[in-house]
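So that you can tell them apart, the chains are marked A, B, C and D in the order they are listed, and the count of residues begins at 1 in each.
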């Protein structure tokens, strides 16, 4: 049973997040998708193909954790990547997917790698469970595919083995990031993109 | 016969687009020009030499598809590049021309190439007819010239042979982008500049 | 005789320009200075040491063309670089000096050069007298010095020989740019920084 | 004795500074911390873990110069780095700590160096005591550590020997910057990050 007042509140919060992410240039040309958990069995997710910086409550769909729409409308084509996370981890309350330039380019620049290791940054402490810059945080890089169910399965298998992983990259596509609630998720995404940007910066230095 | 109410509406919409493009830094120093189709035989285009971030309805001119002014004022010097597109493709409803740094520098960096191939980006799916990141989208690069009619002819010959092409670059000058309506055109331009920026980023990486 | 109403109008216009330039990051930490001609013998210039994004009418001083204050307050330490231009060229109505990152870094990167040549950019047409991208626009680079009078003399001698020059760089310092009025000067500065940015971009490309 | 009206005024001023620094991207994901001196023996500092772009007066804590909280709440984990400065230099009235990308990347790029020398920039004159671009301003780079007291001691020993030093970097972490008051501190920080950005730019140039 969907609490319609809660659905509406989450829609407003996600629309505000979308505006902020669009201003940063992280969800260009209707790309990206966002969701929040509604309860143990459902989530609210952005509709397919909408401008993510100009979302209205009518641009959101309730889905079950198998990515089926419960309310009217067409949910994001990548909904299964969100619901996989809610199904695997009961603590996850929000998921954000963006196409930032740093995530896109860095994942392609690391063409021979299936993960990126971040270390020696103070900002690693933004992630749950990290209390020192001397930590090593591994971000997996999955190959892009139009078979979303296959990608959801690959992510699920990785995360089952690495439950502390805070995010993953999809090569040439973008980043998936999650947390207990939307504010924490925005914070994680902000920290992650900062770190991806720094990694890319290091690769630009010739001298 | 020009519908003056529709002309005014399109002028307002183009002015708003111009403000957004100026904020992005894509139409500096009065550069750039924008248009929308008015009907089968005419279009509305920006006047010559105006600050593209501060356009008023009086800064727009109606033109026929041979680039002749129908209403008062001096249309953009590049009007023929717009009208060539409306004449060739009845489905085109809007054309945007910008001078983004990425378009300018990338076209000059690829001095020995007459086209740029974009592949493996999820964001390629922003373009009509592209439904996979594994597509290859070719963007032609034309040499710059002050002979606009010659350039319009060259573009027309290329597009007659490549009707799915979504945009072209003019070396050291900028990008021409089009779509069925202004919102779609802004989305295409946003996607294209993101991709040009990513391509340029890859060329900056030393390590 | 200073027209106080005109002085006030120019102060408001320059303060608005300063706000725009500060938003772009071109006048950090109270750097930069701006002026407009008041009449054949005087100009209005920013006071020394003020935050250039938060100027009030009281932050402007009237000066004669030998850089002496006519009204109360302490004019910019670089006033002589402004008044040299008004004295040499009766058509100049506004002068802007900024410390953009592109101007600062490019002038230092070209350590062995005393001028920068810009060519093949469509945006060169923003400068008076340039009607083709195939033009060659030379921007001199002067060594920095704390002896402003010596620098003003060096600039004066160069410009006497090159009256069509639209701007100059001071190494590790910034750019001086001028035009017939403030709007044209902002346009020239916008075009110039875009071009400096493109030149720097080309120097960043490794592949 | 804390003057509660003055405490409140400083809290408002620091919150405004935090908003500006957040807009610049210098305090992502709740990073960064700010303070002002209240009197000879105490300071006001940001609470731990707050979004630094959305601070309220309740997000500030009064502390003594040994970093102990005087008012309710949990002060920043790095408070001792602020109070070390107020204790050593009676003239210091404000301290700002940010995690800008330039500070983070440059400090890591200079892995073999324990200081960065800035010279030949006109903007060096933003720092107290510098009146020429030909000055050499040394910014120490300390290794990061979670032992804040050890870092405070290392900074104190360095600054006792180099009292004119305007700021220091912590590797992979960020920058500490100080001045007689908050406005001057914002100006110093703006100048410093501009210079760090320029230094990083030079390291990006391949040609």
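In the analysis below, a contact is a pair of C-beta atoms (placed from the backbone, for glycine too) under 8 Å apart; a residue touches a chain by one contact, two chains touch by 3 or more.
Note that the structure is predicted; figures quoted are calculated from it, not measured.
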Count of contact steps on the shortest path from subunit C to subunit D: 1
Same or different residue numbers at the subunit A/subunit B copy interface, by half rule: different
Geometric centre distance via CA averages, subunit D-subunit B, whole Å: 45
Rounded Å distance between subunit A and subunit D, as computed from the means of their C-alpha atoms: 32
Shared interface positions of subunit D, touching two or more other chains: 202, 204-206
Subunit A-facing residues of subunit D, complex: 25, 28-31, 51, 99, 101, 104-105, 108-109, 144, 146, 170-174, 200, 202-206
Subunit B-facing residues of subunit C, complex: 120-123, 126, 131-134, 187-188, 190-191, 194, 197-198, 201-202, 204-207
